[in-house]
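Once you scroll down, you'll see the structures, which are given as structure tokens.
Presented sequentially are two complexes of subunit A, the first with subunit B as partner and the second with subunit C.
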Partner chain A sequence: MKRVLLLATAILFIGIAARAQFSETIKRSEVHGSFEFDGAYYMADEGVGITDSMINGQNFAFNGFGKITYTLGKFSAGLRYEAYLPPLAGFDPRIEGQGFPNLWAMYTTEKFSFTVGNFYEQFGNGLTLRTYEEWMLGYDNSLNGARVTFEPVKGLLLKGVYGMQRFYWTPYTKNSRGIVKGFDAEMDFNQVIKGMSDSKVRLTLGGSFVSKYQADLDPLYNLPRNVGNMAGRMTLGIGKFNLSTEYAYKINDPSAINNFIYKAGEGFLLSATYSTKGFGLYAMFKRYDNMSYKSNRAVTANGLDINFLPPNTETHSYMLTSMYPYNTQPNGEIGFQLQMNYKVPKKSKLGGKYGMGIAINYSQVNDIVRDPVNVPGTDTTAVGLPGTDGWTSPFFKFGSRIFWQDFNIEIDKKFSKKFKGSLTYMYQSYDIATLEGHTGMPIVYSNIGVVEMTYKFTSKQALRWEVQGLWTDRDKGDWAALLLEYTVSPHWFVSVSDQYNYGNPDEVNRINYYTGSFGYTRRTTRIAITYGRQREGIVCVGGVCRAVPASSGFYVTISSSF
Partner chain B sequence: MSMKILRVISILAAVSFLFYACEKIEPPYKEDGGGSGGEAEQKVLLEDYTGHDCVNCPTAAIVAEQLKEFYGDKLVVMAVHAGFFARPKSDMPQDFRTEAGEVWDGFFGVSAAGNPNGLVNRMQRAPGDYIVSPAEWGSTIDIEMKKEAKAKMTVHSDFEQNTLSSTITTEFLYPLVGTYHVLFCITQDSIIGPQMNNDNNVGDTPKIEEYVFMHVLRYTNGAWGERLTDDDPVVTGKKYVLEVTVNFEDEWVPENCHVVAFVFDQESKTIVQVEEADVIE
Partner chain C sequence: MKRLIVLIVILFLGVAMYAQEPSERKKLPSVNIKTIDGQTFNTQNIYNNGKPILVSFWALWCKPCKKEMDAYNENYEDWQDETGVKIYAVSIDDARSTAKVLPFVSGKDWEMEVLLDPNGDFKRAMNVNMIPHTFLIDGNGNIVYQHTSYYEGLEDELYELVKKVAAGKDISKH
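After this line comes the complex of A and B, so read on.
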């Protein structure tokens, strides 16, 4: 009896202590997450050429994810669930499926951090390594393996990564894709060198080395199994002036993207900024020569990119300024960008009561020059033939083919407490044959104008409208677009928009692509419903083209975070 | 003291890592090869899904030809014109599509993934994933070619007065379980017509006006052929015979045509064996 009592007391005490410990742990734990569900209901639409037989019963599409992160002191872990059942139109069909493609755990101390599972990492500008995910594009090239970071002294950061990349839902099997390993070191001189902590000169130096291993099972070619890609970078700041540069060199990497040539690859970035109150200048130069770097040499479309090649073009967001977007040509491109921002001061003649902003931007991308090389075993030369050294290319020379030109000027002004607007003019030249794979089509030259105004009826109610025009005598001809958006802060919005291809040389294709949406936002939760039409297109990535059909119907988006 | 050792180890590791993580190949970059089989050798079918409007397809066709040259008779190539880029257009009115080709394209999801793409013995890389990109044709064919042959096939044809009569004989070397069908196809070489192209090394860009289309699928005995036998498992050593008679269309040039016959598992669609023979023997 005494023993039973003693045992019961002991169990009770352990229970209480455990419960106290558990609730203490719960109190110190943090859980965060976010969710998004995008659904579509596709309908037949004769006006856009969609028939019921084309939809073929697949009226519904769904993309969804849920992300949860748990933190307890120095330990954190997380997961992401995704489902594409089936994926929305425009997404790569290989993404169809569901599961937990992202699972990770991390432990951090003062000098070290250890991560296992899926993680995202970037070395410098990404020329050797950049893994990231972009939900709207269906892009995720996360590394699945291990990462260690070490900061021996403040300002000197060393990183090591090892693993294999995510490729849609394909599990890793022997020889299915390559193994990636990398190392990066970056030193912030102003932190490491005591004498420089207050210096007007800010200097960072960094270097990275990445290597991928993939077996050679090809019967025709003698392929390198280990391919290394190394880069050195520097950022230098003196007062209002800043300079950033990175150079990368990749050894022979014959792949489907470069047509199995044995040429080395080079990437070079150089950018400079000057900024002071009310005025900023930005200039960038970049050159890529055979810089595609994938962990499976046979893959052509989006997927398994180990590195990232930053663009030198401005990303536009208006309906018509984003109609012809640039996409980087990893086999070779050379270009530059110049931007000036100026804020006309308040109370000046031009600036008015609130001032006026002017932004002028020009960017251009050309092909590199490619000189032929010897074809082994023959006395002929060729450019880009498989099993050769590809080409030679003088470093700073611009090729004659212009892939892209973009000149734009944007003026924004606040007229009164209730009324503000902006005016944009853009001139664009777009090499549609190279950038969209429409081989043989001439360059599309276009002029684009956008007027955007916002009027605040009250502090909570505002109406925004956009009127846009795109004028060209190439491709699909002229377009006009209109957008009206009414917001009742902080919760509601309703909008209608239309893009009308009034100038299409083919009268049957002078179509209105209209949409109407309304949505509700409360704290971190947002719901939006859209009804309308999406344009068709052809997606060409890395030598493989896929037709993306036009679509019409309802779209629902629900997102939340906690 | 321990920090010093750590630093030295890190430097040594980094240096050896750099040393071993780069493999610079010296020319020649191509390998010599080829091979001949025994009596019951495993042959492989490469299906190249293509279209005359597909600008990247001529480059892939070159890869197929190089592999055909490398493997000789052991590799059978079939060009299936199907999907978006095979549709006739005003400046390219030729139509190389077939009913069976469109069914296969839809079932295997080839052009939905983009063209050019292909199938190798209709093997599944992962459940439901059959597609092999041109850069992987060589390595995938090589793996299939090294497998032990599970069946033998022979094709005998008689061509008279525009009619082809073929006898396809299949003999299984193992008592395989399942439902087996035989697909009988006719392919045609040397068809001249326009083909879009963006590879200067292959021909004119953007269009090769007189492109030579090879291995073009012209005819099948249905999308999924005919059931070979009710035997399950199949009887080894027994000769399963399929007789086919086809009336030739006007555009099919018999001297340039081949019979391609393959036996496959109807459930998994995996090809067990394939054989190719000229229409005019």
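After this line comes the complex of A and C, so read on.
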């Protein structure tokens, strides 16, 4: 009944809005929205080990959403409908279902904004609070409640939030999950202080405090019902230099993720950049120690995260460079990243007519050092035991276990008006035991090379091809991949690709994962149809990952906005 | 039953979309995002003194986006001379790499205005599902055209529209 009512409301909404659009009286009303439909028709395929009994009649699966926003001057409201009937392979089965998980209304004036319903918010880098939605992951931790923002003077922004988080389709019931409260302030000195508006020094300071309440129903432990998480941050720019840092401190928060230890948590991010015309340098350091912060301490999988722990590794997007992606370790990691971007000038010897781009990147993440909390020699409580203070850890010391190393270099060059290309080399070490939970498996060391070329036949038609190789003697062994893509701007594309696991130690598993796709785009509407095999792997966005099983069949994506 | 509801909703959205298209009129929403060096920026301040504006959503992890930006950048001087168009490149990179955007853009020698939308607030307000997604805004601040995805040569097509908009022509039938 509720669903029908909501649907009726939605239709009414569209009806009214559509009338409003054409009516002379309410010209200022705007209705906008978007939708996406990702469907799959799964088929049995002995080649990748999928049988009819595994599909079990659920050949058809789709994820879809539709979103509508209505705006009238200072007022706006919106809703999002989602359906996973059933969800695509690899999505959390709890997401199966359909409904309106997102309903909101907002009123904004020059200095104030007031939101009720579901909203997304981020304080600083997100170490204390970040609610967001990531369609590719089926992830949504939006807060349902109220938010107020207030800007008393230009450049000073205050925010307050209150609510509970979305957890798939599970409705909120008493004690089922925590209540989240948060406050954030940020001051941009160059805007607030008149004398600084033209200064070469640019300074922003911010701070946030977030608290969650969850009842203590544990028969064994005496758990903190209110857990505070606070952070301070700064960005400072002086000429071509920029410095950005944030430190967060969370009080003890025993949870299923940290094995119910009573240790406080810490998070620290520091990045420095230097940039000038044609040249950029970036260096960053980060450390997380027991920083998982969820609004239900019993939840271990993706979901109900209040904060966000940004990873410090490069996001790769080629088929084979993204085979082993990084996954933030909230219980403890320490790492750094360095990057250089340089454009060899036009008309130089190396740069040629169009110049040449060079990007070099290195990142490394280690475990933190964990020392026993007890006085040495007096007792022998193990590190990380439930009910204890967990461990102590020297702040800047790198643990001996290396979770991740990635060195990559990318060179791109345009040879002529019609022809351009890029070359990528990457060396990676990947602690598959920690990052994918394959206990006991050795670290995967791999070398990866990618050549990408684009040739323009006419001003509208182009052929792009990628040749890729991944060489390792661990895990599944060597891979080769090929992609051809033909595009006719602005509407059409056709592509074929194949990933071939030719070096798999097990000959039966030397599988070709081939696909063929074509698509049509007009303005904001895009339709793409793919036939082929999907390799088992991990999809990660922003350090949050989900595993994708192997599959075979037809895939359709339809997306539009208006 | 569930599937029926879904189909009805999709149908309605489709109808709504086509009903909207001929009279596409939309102003930019007011959203607080960041400048490339981390200062607060309200999207109402996207402005070009009566001349056309392109707002394009991209990210460091998006290869076609970076190609699109490269293509814009190569033509930017000529385009500006001829039409006065201004390009805003809005990065939707999250906290993982917002700090990397500035050195990357410098290293690429891109000339356009770059903004940061680390939690996708502007992206959501503009109903961007996937990137690259580019909006063309006329001299009166109306969004008159938008396009998702990038193929080689799209920039020429887009620039034809920019020229029409700069000359005050109606491109709603395009």
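Keep this in mind: the second predicted complex is superposed on the first by the 518 of 562 C-alpha atoms of A that agree within 3 Å, B and C clash if a C-alpha of one lies under 4 Å from a C-alpha of the other, contacts with A are read in each partner's own complex, and residues count from 1 in each chain.
One rule holds in what follows: contacts are C-beta pairs under 8 Å (C-beta built on N, C-alpha and C of every residue); 3 or more make two chains touch, one makes a residue touch a chain.
These numbers come from a predicted model, not from an experiment.
J.: Since both structures carry subunit A, what do subunit B and subunit C do when superposed there: clash or fit?
T.: On the shared subunit A, the partners fit.
J.: If you stack the two complexes on chain A, which partner ends up touching A:307: first (subunit B), second (subunit C), both, or neither?
T.: In the superposition, A:307 contacts neither subunit B nor subunit C.
J.: What is the contact status of A:497 with respect to subunit B (first) and subunit C (second): first, second, both, or neither?
T.: Neither: A:497 stays clear of subunit B and subunit C.
J.: Taking the superposition as given, does A:93 touch the first partner, subunit B, the second, subunit C, both, or neither?
T.: First partner only.
J.: Of the two partners subunit B and subunit C, indicate the one touching more residues belonging to subunit A.
T.: The larger set of subunit A residues in touch belongs to C.
J.: After lining up the shared chain so the two structures overlap, which partner does A:256 touch, if you call subunit B first and subunit C second: first, second, both or neither?
T.: So A:256 only meets subunit B here.
J.: Touching A:141 in the superposition: subunit B (first), subunit C (second), both, neither?
T.: Neither subunit B nor subunit C is touched by A:141.
J.: Contact-wise, after the overlay, does A:165 reach subunit B, subunit C, both or neither (first, second, both, neither)?
T.: Touch status of A:165: no partner.
J.: Figure out whether A:424 sits in contact with subunit B (first) or subunit C (second), or with both, or with neither.
T.: After superposing on A, A:424 lies clear of both subunit B and subunit C.
J.: State whether A:405 touches subunit B only (first), subunit C only (second), both chains, or neither.
T.: So A:405 meets neither subunit B nor subunit C here.
J.: Using the superposition on chain A described above, determine whether A:132 touches subunit B (first), subunit C (second), both, or neither.
T.: second
J.: So after superposition, what is the minimum Cα distance from subunit B to subunit C, given in Å?
T.: Minimum over all C-alpha pairs: 17 Å.
J.: Can you give me the overlap between the subunit B contact set and the subunit C contact set on subunit A?
T.: Of subunit A, residues 543 contact subunit B in one complex and subunit C in the other.
J.: Give the list of subunit C residues in touch with subunit A in this complex.
T.: For this pair, the touching residues of subunit C are 2-3, 5-6, 8-10, 12-13, 15-17, 19-21, 23-27, 29-30, 32, 37-40, 60-63, 74, 94-100, 102-109, 118-121, 124-125, 127-130, 133, 145-149, 151-154, 156-157.
J.: Quick check on the complex: what are the subunit A residues that touch subunit B?
T.: 92-94, 152, 158, 170-171, 176, 181, 183, 209, 211, 217-228, 230, 251-252, 254-256, 259-260, 262, 297-301, 376-377, 382-385, 387-389, 433, 437, 439-440, 543-547
J.: Enumerate the contact residues on subunit A facing subunit C in the complex.
T.: Those in contact with subunit C are residues 3, 7, 10-11, 14, 17-18, 21-22, 30-37, 64, 66-69, 71, 76, 81, 83, 85, 98, 108, 120-122, 125-126, 130, 132-133, 135, 149, 155, 157, 186, 188, 190-191, 202, 204, 235, 237, 242, 244, 271, 273-282, 284, 308, 310-312, 315-317, 339-343, 354-355, 357, 359, 454, 456, 458-462, 464, 487-490, 493, 521, 523-526, 542-543, 559-562.
J.: Touching residues of subunit B toward subunit A in the complex: what are they?
T.: 3, 7, 10, 14, 17-18, 20-25, 27-31, 33, 54-56, 59, 66-67, 70-71, 84-85, 109, 111-117, 125-126, 129, 133-136, 138-139, 141-143, 196-201, 205-207
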